[in-house]
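In the part that follows, the structures are each spelled out as structure tokens.
You will see chain A twice below: alongside chain B first, and alongside chain C after that.
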Partner chain A sequence: MTRVRDLLLRATNPTATVFVLLVLVFAGVFAMNPGFFEGPSLMAFLKQAAPLVILAAGQYFVIVSGNFDLSVGALVGAQVVIAARLIDGEESRTLPVMIVMVLFGIGVGLVNGLITTALKVQSFITTLGMLMVLYGAIRLWTGGAPTGSLSESFRVFGRMGIEDVPVLGQIPWALLIMIAVGAGSVLLMRTRFGRILMAAGDNERAAALSGARVDTARTIAFVLSGLSATIAGILIGGFAGVSAQVGDGLEFTVITAVVLGGVVLGGGRGSVLAAMAGALVIEALFTLFNQMALPATLRPAVQGAIIIAAVAYAARRRTRPVPTATATPS
Partner chain B sequence: MRTTRIAAAAAAALGILLATACTTDAPTEEADDTATETESGDEWFVQADYDEQLAQRDIEPEGDPNTPWLQAIEPEWVDTAAFAQEGGDATVCFSNASVSNPWRVTGWITMQQQVAVLQESGQIGEFRHSDAGDDDDQQISDIQAFVDSGDCDALIISPSTTATLTPAVEAACESGVPVIIFDRGVNTDCAVTFIHPIGGYAFGADAAEFLVDELEPGSTVLALRILPGVDVLENRWAAAEEIFADSELEILGNEFTGGDAAEIKNIVTQYLQRGDVDGIWMDAGDGAVAAIEAFEDAGAPYPVMTGEDELSFMRKWQETGMTALAPVYSNFQWRTPVIAATMILAGEQVPAEWVLPQDPITEAERDQYLEVNADMPSLHYAKFGGEDLPGFPDAWQDR
Partner chain C sequence: MTQRLHKPRLGTTALIYLALAGVLAAGGIAVAVDGGNLFATANLVDMLTRTSLTGFLAIGMTLVILCRSLDLSVGYTAALSSLVAATTMDGQVANVPLAIGAVLLVSGLIGAFNGAVTAYLGVNPFITTLGTGLIIKGYLDTQYKGPAGDVPVMFQQFGYTRIGPVPVSTVVMLAVAAAAIWFLRSTRTGHHMYAVGGDVDVARMSGIRTGRTLLAAHVLCGMTAGVAGLLLASRFGTGSATAYTSLYELDAIAAVVLGGTLLLGGKGGVAGTVAGVAILAVLDTVFNVLQIDPFAKDVLRGVVIIAAVAIYARRQLDRTARRPRFAEGRAS
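== the complex of A and B ==
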């Protein structure tokens, strides 16, 4: 009896909830269509899910340190549009443009981080402002519609993979990149930097008093988020090409994913692996709805209800109090 | 215990916020056309309008087929002698709803090029314009400002939404300035002329009929739609539903994509995992290439497909040799209003409702359109109708 209780307790741990949910959703998908778990279609699912998972890792660093990054969706969109315009179909420009994108992503993250930490502007406002600046600047630069096109070699990362693998068919590059980013993030959270980040979100004052360079760590978190948006931009652009709507609303999807992963808004609690699993759950939910042929108009409502239920359930079981909104560092 | 409860409530509230936030980010700027929002469903189907538009497709328009932007279907000519002006330095004002999608960007360039020609020939003096950025209130005040300035000899309006803009248009009419409405309509006929292509039902029907003709009975069709609640987009789907209902095609689903290429590719990929998709119907061409790539990546045979006359889709169509059709929501209509303004100011007759032709591009015409537009960017529209303007092709290339 106690063992069952233990198991139950562990399952209802906020971090574990997301994995339980993931299993449930996959079970649902399996019930609807067992063919989904055949190699090729599973690989296709992971390929399309990879960008959101990578974004979730980036967003995790920012959220766990007590901030938000609302600018990622606009940044992904900007990166794809910039890439299309600068590459303009020329294969030879692929690498230089990717370097420009990485620098741009770091730059945006750095600006977000410095404004938040040095100027003490609430990150919610900083990154909301950045979202609008990026959105507006891209519209201004392109006159309302993206121009140019991506080169074939640019699109390899998001679209291609290792071909002719037995059983699986194609192992997408996007999946390998996702695994690498995930592993890197887990390792990073185990370093001194990771502990400072966590401490900064948990109790900023205590962390600062114990000699941790909280502002530096938080700024780096924004840079990591900018980098993750860049990688996601390369994958999304590669996956589907350029359109004016790329990245629209991604910031909310990714924050939802991170929260679903049991990461506490306000910082200090949660694991990066669970945040990435949260992103997988969201993508799996989309798949499930599709398999159930749920009317398109009903899906957002069902998705919202499931997310609320999952987060509320996790919160009910959380033993330590959640920091209130006023504890959100500026 | 109390704190846990507060925590639960806070988390639930946040969940609601986030969930609603991520459901309301539909890109409303996507719509090419009218955006009157009401409930979806059968509200969007008016049998009389449907019948009229389908009939208009078969009516030979009056005028020279080489200048389709001057053609009109069954025009009722109205006298404009009251607005006739001496001299050629008339000030023409234009209140634009927005340039927030590639279709509108292309049209706006065409209009500016047409204005340049008319200025050169001395038919227009000054051309003023305002851009409301899809904001009704902004456009109402833009129109008011034009009327109050007293400088406009003719006022062109491309309304952002139908019902909200109606009073502003009526006020402009009352000021005595000749008003020209184009693209989306308003609920008043006080304007001298209302210029538009046949409309959404015709677009949707062209596409649906093509699929019915090209596919075997029992074939499966997936409908990809941009967003709900925009009337011309809803009309396109309503017409398609009407035609599919009388066919033996199986409609797998109709999905909202927001016009986002990644979303389109995801959705199509998932449908392909569930089973065969023989045909794709789209309510606008945005992201059509992503849908085709989903078939390529899944190793599935190309579907029979309808997109739009956007070049990215037409180029992919040519490259793959698939069976497809490019329905058209005539982009060349952006030339007509400024020409109409000069006609009105010269006291010439114009049609009260100026219905422009709206012919889909078939495979037979495809290569010819692609050749003419060979140097154009991929988000350009084949039937933009500006090939004879002096700014061609540079003005449309450099956006």
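== the complex of A and C ==
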């Protein structure tokens, strides 16, 4: 009996809840369409889900350290536009432009991090400002509509994969990149840096007093978020093509995903795997909505109801011992 | 620096009004160099008209931010309110009072939902109001394919009439702002809002019903969003479901923090918010008059907001240092 209760207790812990949720949503998808779990369609799903999962990992670092990154959506859009404009269809420029994109992603993350930590501007404002700057600058640069086009070798990452694998069909590069990012993130959270990040989100002052370089760790978290947006931009650009709107609203979806994974806004709690699973849940939900033939316009409503319910459920246990859980994180 | 020891420093509100004067002067000079006149009636009207919509939203937003909460759903609430108003009025002048009542009821209920979920279920306001916004968005997109309803000409006056160069909507906005300032300074609930935003635990231990205070702030914020929706309806002459695409909530939050209200709650006020709204409006008008690419405006806005908050943070550093997130003990 105690084992059952133990299991139940574990399943209702916010981090584990997301995996239960994932199984439930997948069960729903399976009930609607048993063919979904055949190799090729599952791979197609994972290929499509990979960018959001990668973004969730990046956003996790920022959120767990007690901040927000609202600029990722605009950054993804910016990266896609930059890639198209600079590559302009030339195969030979693919690699240099990718390096430029990585540097740009790091730069944006660094600026976010430094403004937040050195100038003591709340990250909500910093990244909101960055969102506006990126949004305006990209449209200013391209004159409203993105120009240029991506090269084939650039699009390989978002579109292609290891072909002719038995059972699965194609193993998309996007999936492999996603797994690599996931593994890297898990390992990173076990290092000194990861522990400092977690401590900074849990209790900034205690972490600083025990000698941790809180500001450095938080800045690196923003850089990681910028990098994740770069990778996501490369994948989305390859998968979906060039559009400046591609990232609009993505920041809120990503934060939703991370929070659905039981990561607490304000920092200090939650695991990166659960955050990535949260992104998978969201993508699976979209698939489920598709299969239920819900009108596309109704999706946001269901999505909204689910986040509120999920977070209220997760908060139910937490509110009592930690009465400040309703506080707005900076 | 030494002066601060003897004299009270320039308050943040005074600073923001100085900044407003500075922005007006700089804008005036820039426009004059370009050969125009920023203070010509047409430009003044443009400026003042821009303040009203964001103004309503920002006043309500100030109340929730003071309580250390947030409302990301106001743009959606305003869009829904414009539809409720226009469809209830249905072209009949006689229906106007009913429509106003319906809008305030609906928007107040949305605020109450936000407040209740945040205060009593312990959901982070970011998530609550993001979720509420998405729910309303889903409803609007599904239910309304285009503009709906009809606003009688009499009510459209609210959007267009002016007293001299001052639009009626701006006068109403300033009246609401004055009421909000009075509310925060002179009522018990107003004081409680500062206390709750300052430190929710201390407030609770001092006998404040923190949940109710938060709920009240959210209801009022919802209702100001409803008024903004009424203004939208009167300007468009119909209800507009797609009004939310303008991301008014981000504008409102920007105006509030520009006005010196701390995003961490407990400090600030509506007077600063009005100046914040005005600064954004002046910038918009100047950019319009100078015919600068509208996208450059977004870039500048982003920079201005970050810079303003960085300056406020610097001013606070020497006095109270930065407040810890989970406040254990706190100065001021």
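Brief remarks follow.
Everything that follows uses one rule, which is that the second predicted complex is superposed on the first by the 317 of 330 C-alpha atoms of A that agree within 3 Å, B and C clash if a C-alpha of one lies under 4 Å from a C-alpha of the other, contacts with A are read in each partner's own complex, and residues count from 1 in each chain.
What we mean here is this: contacts are C-beta pairs under 8 Å (C-beta built on N, C-alpha and C of every residue); 3 or more make two chains touch, one makes a residue touch a chain.
Predicted, not measured: the structure shown is a model, and the values here were computed from it.
By the touch criterion defined above, A:316 lies against chain B and chain C together after alignment on the C-alpha atoms of chain A. Applying the stated contact rule after C-alpha superposition, one finds that A:48 touches chain B and leaves chain C untouched. When both complexes are overlaid on chain A, the residue A:66 reaches chain C alone and has no touch with chain B.
Touch criterion met: A:293 reaches chain B, while chain C stays clear of it. When the shared chain is aligned, no partner comes close enough to touch A:153: not chain B, not chain C. Residue contacts after overlaying the shared chain place A:216 against neither chain B nor chain C. When the two structures are aligned on the shared chain, A:267 is found in touch with chain C, with no touch to chain B.
With both structures placed on the common chain, the touch criterion links A:239 to chain B but leaves chain C unconnected. For the contact definition in use here, the residues of chain A common to its chain B contact set and its chain C contact set are 139, 144, 252, 255-256, 259, 265, 297, 300-301, 303-305, 307-308, 311-312, 315-316, 318-319, 324-325. Across the complex, chain A is touched by residues 3-4, 6-8, 10-12, 14-16, 18-23, 25, 27, 30, 40, 98-102, 104-106, 228, 252-256, 258-267, 269-271, 273-274, 286-287, 289-290, 293, 297-298, 377-379, 399 of chain B.
Within the complex formed with chain A, the chain C residues making contact are 68-70, 117-119, 121-128, 130-139, 141-142, 200-201, 204, 214, 250, 253-254, 257, 263-265, 293, 295-303, 305-306, 309-310, 313-314, 317, 322, 324-328. Here chain A touches chain C in the complex through residues 66, 115, 119-122, 124-126, 128-133, 135-137, 139-140, 144, 203-205, 252, 255-256, 259, 264-267, 295, 297-305, 307-308, 311-312, 315-316, 318-319, 323-330, going by the rule given at the top. Residues 33, 35-36, 40-41, 44, 48, 51, 139, 142-149, 159, 236, 239-246, 248-249, 252-253, 255-256, 259, 265, 286-287, 290-291, 293, 296-297, 300-301, 303-305, 307-308, 311-312, 314-316, 318-319, 321-322, 324-325 of chain A are the ones touching chain B in the complex.
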